[in-house]
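The structures considered in this document are given below.
Next, two complexes with subunit A in common: one pairs it with subunit B, the other with subunit C.
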Partner chain A sequence: MAPESSRSHVAAGPERGRFRIRWTPVLFLLPSIVVFIVFKYYLICSAVYISLHNYDIVRPPGEFVGLENYFLFLKTSTFWLALKNTFVIFLLSVAVTFWVPIAQALFLSEIGRANAVYRVLYQIPSILPAVAGALLWKWMYNPDRGLFNYLLGKIGLGPYGWLNDPAMTKFAIVLPGFFASGGVGVLLYYAAIKSISAEIFESAKIDGCGPWRRLIHMVLPNIRFVILIQFVTFMSGALLTFDNIFVMTQGGPADASLVVSLLIQRSAFTQSNYGMSAALSLFMFIVIAILTVIQFKLQKEES
Partner chain B sequence: MKRVGGSTRKWAVLLALALAVGTLAACGGKNDGSSESSGQASSSQSGGASPSASGSEAPIVEITVWDKPAPDAPDKAIVEEIQAEFDRTHPNIKVTHEDVTQTKEKFMAAVASGEQPDVFRPQFPDMPVYIQTGIVADITDLVNASPDKDRFIEGAFNMATKDGKIYAVPNEMYTTGLYYNKKLFQNAGIPNPPATWEEFAETAKKVMAANPGTIGYDILGMDWADWHFEYYVWQAGGDLTEQQPDGTVKLTFTSDAAVKALQFYKDLKWTHKVVQNNVLQAYEDNSKDFYTGKTAMILGASDNFAGFVSQGMDPSDIGFAPYPKGPAGVGPSQVGGNMWAISPTASPEKRQAAFEYIMFHMSKEMMEKKLQFSKDNGLGVNPLTVLKDVDMTRYVEGMPADFVAAIQAAAKDQKLEYYLKSSLSPYVVKPIQKVLLDKNADPLTELQKAQELAQKEVVDKFNKDILSGTNS
Partner chain C sequence: MRKPNRIVEKGERGLKAFSYAVTVFFLACGILPLVWLLLTSVMDNPSIESSKPQFVPKIPHSLTVTVDYTGVLSEDPAFYKKDAMEAIWFPWATMSRSNLGEIVVNGVKDGRLLFRAKANSGQFFVGQTSIVPTRVVNNTVMSLKIRTIDERRLSDFHWYGPEGKAADGASRSFSDHELARRYVQFFQEHNVLEGQVVSVGHSRNPLRLFDSYVSLQHLAFGQAGELGFYRYFINSAIVTFSVIFWQLIFAGLGSYALSQLIRSHRLRFGLLMFFLATIMIPGISILIPQYVLIQKLGLGDSLWALMLPHFAWGFVIYLFKGFFDQLPKELLQAARIDGASEFKTFLHVVVPMSIPVFVIVAVMTFIPVWNDFMWPYIVAKSPAHWTFTVAMNDLQETSARNSSVRPNWVSASGVISMIPLLLLFVSTQRFVERGINFTGVKG
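The block that comes next holds the complex of A and B.
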């Protein structure tokens, strides 16, 4: 009797029903959870484990050294140089690249004719594989045969070293992002802008609110959550940037573009120091995690 | 309605289950495959009482070799023919060939994940680190028991030997020297390649003046810059590192020889102005400048000749000479190449099979087959060999006689690359790039900074590990 009555109670009472495991959603979620655990969390846990050892790939895990790998890299000036370069490249990327898709989305939201054409055009640069794009830019930067110095030569400027000039190389690495920063970001911003009620715009227009004030007081505040999410993704991407630097400069000239992700690769595959490499990776993981939490906190306080 | 809803739910649950199972199966697919293959391998190993795999009664031994030629490799046809010949004559050894062009990163990842190929071909400079970390198997017994051992030239096993133990079989060897474009030299009225540093700078200037739009010398300033720079340090009478009798390493970046060499680099760029603007350009771009006649001189290896000719350069325009001598009056050539090595994780049966495979490739007959193919197809032949019984003079016909003579001259005075290069490379490259890009950079100051960094970040730990026996 008791089980039956409790079963009917569960079925009838929404309060108790909350505690029932609903298998359908669990099963739907299972594949992605499994993939996440295997390809993300397992790797992060392995990195923690490796970072605590003087890791020996032939006879793993090698000698346990505790936090020595962390202390070791914190003591090297190469690491601090790489960290500084990483943040300089990140700040340059924000200045040169981050705002571009927002501007493109604003432009899209303002035009009616050929809107679809522009939307497609903005997507095309993001289809180009990053490595192919970096290679093309590397050729264009070539001081002897590159397109840029050729064009500048026509108007009596240059030749510039571009990637060869330690003062210019970071900017030269970031610049391609300006032209290829469209992609999904534009669509996300565009969708966010479109979701703002048209009536609000109309009434603002009637009240004599100009386009600039509409942008500052209406559009940007309404899409700021999308901007925040995009910024978090952008930040982790820029702080972990690897492929374009690896292709263009390999960290040179004279370490002017050496970033932490390159140092991670170098420690592991050139110097066979896997423990140090894992420790560096986790350091960046923690830095990005802290910065992300701070951003979300700020956003919450604001709202 | 209820029934319909119920059946929909049932279907949804089934679909979700199928998805979950599918994903798990996909995740586990590789593992299943590898465990199966390792299962097969272990059964074939355990089944074999005798280490010999060539007897017809013996069980099949499977080995994996990273030697599958790239689809566009000029010698693909002959390599595949030799591999097929091995399969035909060794029915008890099943060889799986995998891409030979895989990067060092992929190789290290394979080692770390337990997927190290049974046979692979490390480069000379990687050998000390591979021996120390245990990535290559000790094959002393196999080599000593082999009748083929005496067919190798004297000293061929040096690079693969540590503490009297042999870890690899030499495959190819090259020597390096100065390539020059005879036609551009002729236009400038220069009959002979430069023999000293002073002549080198003068020659480069003259060639540039007589051939407008060309470069005197393509210097290597990219992230492999230390590779060529070390030759100049040798020419000035020193080296970048010294291995001590106890196995530890002493850095000599600030030695008089290294400073003189870097000063010479600086002079070539800023005083003589004979090098390309893009001093950081890739090694391949230097080669391209040479075979397209854009630069008069580059440094290169004896086996580059084939590449230059295949890119359309006239063989009679290609000149080769030993390095110009530096202040120390010497100009040793660097010897490089690759070796056949066996994985230490391979079972004794697999090691035996792997060794048979290696020696099949190194046999006189197969070597000659390969050389004949290169000769017949105009691929050019590296005039150096690690084998005594292969007569290279039969295959170098068609190559300019002075080229062959110069290669042989360069090979007389040889040196190996500086010790611990693979770990120290980024530290040496930095001062080189500094002086090539900043005319105010001082060679000694830059080398001093690099040495301090390398000492602190690499050598202290390396020496500590050596002395404590961690890595030995």
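The block that comes next holds the complex of A and C.
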């Protein structure tokens, strides 16, 4: 904290000719402004700068290559494979995971008794850190000694290769999300459902709208803003997922689960190709930004 | 019987029943994997090694051995220690596939207890590959290994001395449990001990089911130093609490200034955008420059490197500002008129009114920082600076490479990793539920 406050005279506060400068807000805001400038704005500019160089971490910045890093990765088949895998995993996790907390909250809202208890119980899976979850599932997926092949074998299925099978590994990476997708999401949706005014329901009841239809035609549309917000967060999370894939497969087998975030880590820290890695990461930033804007546009048009 | 005032709609009962079914199903999905984690962490060794998953742990065996040194002249503890280690490690290596939980060796001389040495399966399996990698049984081998045993505390040795307490119950009996018989047989075949094995007792020790937790500790002594596995947890805790501290104080003060102290609308909006726009930047997009910057600052491989990037979080500013905007202005004005400085107003008026938002920010900071993996993995090179997520991944990688790390240890590390978040959830559930209402995500 000390070095920041000593710089207070340099930083431009809320200085306007006609105002007296009030130093208290400047002091209050200064630490935050400094860390945001250093750890966000400087870094994103620096990312652009690095991506334009054949970056040498020992003797920075190395040779200036312009946009070559971008053209270079666009030409590799590994990149396109990773991009495809990223989107396949994203779509799979939408299909397997995203709807789960919505369904949980919807049906939870129909249960009157001991509701709070269920909400607490729904939080339990989220106490397991992602890395620990990945370890647990990797062990359960073990083709020879794992729990799944044993249990499925009992009912005459399998044995499956799970993470070791290139055709199955993406699904196996996404599946744990189905089991542990409760968490804060349920609380958010639940709060949104409960805040829908009861009058709407009463009038719908009088109009002869049954409980099932009510759920689908009245509750869902009323919480669609929350769903959108959650989807945007979910999307950037799923497109940049790293921890569980890294722990479970490290991109294998045969690059079947290699995603862009893994490629970013790999090209920087195992191939020392920092320029390329920065270019890749900016590319993902732009992709996600565009997708987010599109979603908000669509939402606006609809309403 | 229907209640008179209430008309049960068609389909309402069905929906209710279905809702219960769905809820129970999802709860089971969420909780059963955790039960499996808990169960495998206390699984005995043969069960975890077996080709079929086992569901009920078997209580490990415990052997208590008495070695008589009557007639041996040496009074040097080191001499007896080596002998005790031989009495523990050599026979155990031949029985490593059995469910042996602990060996206790009592050294007696002239009816007095000379020493007591102990090793449990947690210690044994950590040391197995370095202490008894082969079946070569002789004194030279053990003399070379004593240092490793001491360094990683792979056995306990307590020296009572020749004037020590009286040996209890001079029962010179040999249990006829299979393990006890194999133990006796081993020393009939290998004559390495200076003393005489005079009794082998057999019992079962349920405490030894938790040896996978013990193993984690001994495994980490060699890597992270004195504190063992706790080191990783302490690192995670230092990082997490520093970040929470920063967010509560500085992000709190900053948002308060943004919300209540800046009068110019344009400036306020500009600053708000300055903070909130950064929410758009995903962590991985600035991973490389962040790494370069940390190296430049000379903070690579230190705990600073792990916490600094977490200080700038737009979302926290957003949460704080949303709450502070709703504070009653009159109250703040009153405090100012009373002559309180802005900082005092913040501390004595704003903070007490805003406990819920502080709790929410603490929780929302705690979870991602505590669970963070990629950044610590990249930046923390030496085990002394690992967070527990990095340590767990290392454990898992070693376990996949060779069998020196057992799956039940990995499970045990998973169970331990849940404890802090469990405590957090239990203590803040009330606030989190209330806090959902002002996170602004509500429709």
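In this text, the second predicted complex is superposed on the first by the 266 of 303 C-alpha atoms of A that agree within 3 Å, B and C clash if a C-alpha of one lies under 4 Å from a C-alpha of the other, contacts with A are read in each partner's own complex, and residues count from 1 in each chain.
Throughout what follows, a residue touches a chain if its C-beta (ideal position, glycine included) is under 8 Å from a C-beta of that chain, and two chains touch if they have at least 3 such contacts.
On a predicted model such as this, the values are computed, not experimentally measured, just so you know.
Participant: Quick check on the subunit A-based superposition: subunit B and subunit C, clash or fit?
Facilitator: They clash.
Participant: Of the partners subunit B and subunit C, which touch A:179 in the superposed model: first, second, both, neither?
Facilitator: It touches subunit C, and subunit B stays clear.
Participant: Compare subunit B and subunit C by how many residues of subunit A each one touches, and report the one with more.
Facilitator: Answer, by number of touched residues of subunit A: C.
Participant: Output check: A:89 vs subunit B and subunit C. Expected answer is one of first, second, both, neither. What do you get?
Facilitator: In the superposed model, A:89 contacts neither subunit B nor subunit C.
Participant: So in the superposed three-chain picture, is A:102 touching just subunit B, just subunit C, both, or none of them (first/second/both/neither)?
Facilitator: neither
Participant: For A:268, using the defined touch cut-off, is the partner it touches subunit B, subunit C, both, or neither? Pick first, second, both or neither.
Facilitator: Both subunit B and subunit C are touched by A:268.
Participant: When the two structures are overlaid on chain A, which partner does A:52 contact: first (subunit B), second (subunit C), both, or neither?
Facilitator: neither
Participant: Regarding the shared-chain residue A:144, is it in contact with subunit B (first), subunit C (second), both, or neither?
Facilitator: A:144: touches subunit B and subunit C.
Participant: Is A:235 touching anything from subunit B or subunit C once the two structures are fitted on A? First, second, both or neither.
Facilitator: After superposition on chain A, A:235 lies in contact with neither partner.
Participant: Could you say whether A:28 touches subunit B, subunit C, both of them, or neither, answering first, second, both or neither?
Facilitator: A:28: touches subunit B and subunit C.
Participant: After superposing the two complexes, find the one stretch in subunit B that runs into subunit C, choosing from 132-140, 150-158, 276-284 or 402-410.
Facilitator: Clashes with subunit C appear only in stretch 276-284.
Participant: Where on subunit A do the contacts with subunit B and the contacts with subunit C coincide?
Facilitator: 24, 28, 31, 35, 38, 57, 60, 144, 265, 268-269, 274
Participant: Inside the complex, what are the residues of subunit B that reach subunit A?
Facilitator: 9, 12-13, 16-17, 19-20, 22-24, 27, 104-105, 108, 111-112, 129, 133-135, 221-223, 276-281, 344, 422-423, 425-426, 429-431, 433-434, 437-438, 453, 456-458, 461, 465, 470
Participant: Can you check the complex and tell me which residues of subunit C touch subunit A?
Facilitator: 9-12, 14-16, 18-20, 22-23, 26-27, 29-34, 36-37, 40, 50-53, 250-251, 253-254, 256-258, 261-262, 264, 267, 271, 274-275, 278, 280-293, 295, 308-309, 311-312, 314, 317, 341-343, 367, 370-371, 373-374, 377-378, 389, 392-393, 395-396, 407, 410-411, 413-414, 417-418, 421-422, 424-425, 429, 432-433, 436-437, 439, 441-443
Participant: Which positions of subunit A touch subunit B when the two form their complex?
Facilitator: So the residues of subunit A touching subunit B come out as 23-24, 27-28, 30-31, 34-35, 38, 54, 56-60, 63, 72, 75-78, 142-144, 159, 161, 163-166, 249-255, 265-266, 268-272, 274.
Participant: Across the complex, what residues on subunit A touch subunit C?
Facilitator: Within the complex, subunit A touches subunit C at residues 1, 14, 16, 19, 22, 24-25, 28-29, 31-33, 35-36, 38-44, 46-47, 49-50, 55, 57, 60, 100, 103-104, 107-108, 110-111, 116, 118-133, 135-140, 144-147, 150, 176, 178-180, 182, 184, 187-188, 191-192, 195-196, 205, 210-212, 215, 222-226, 229-230, 236, 240, 242-243, 246-247, 261, 264-265, 268-269, 274, 277-278, 281-282, 284-285, 288-289, 292.
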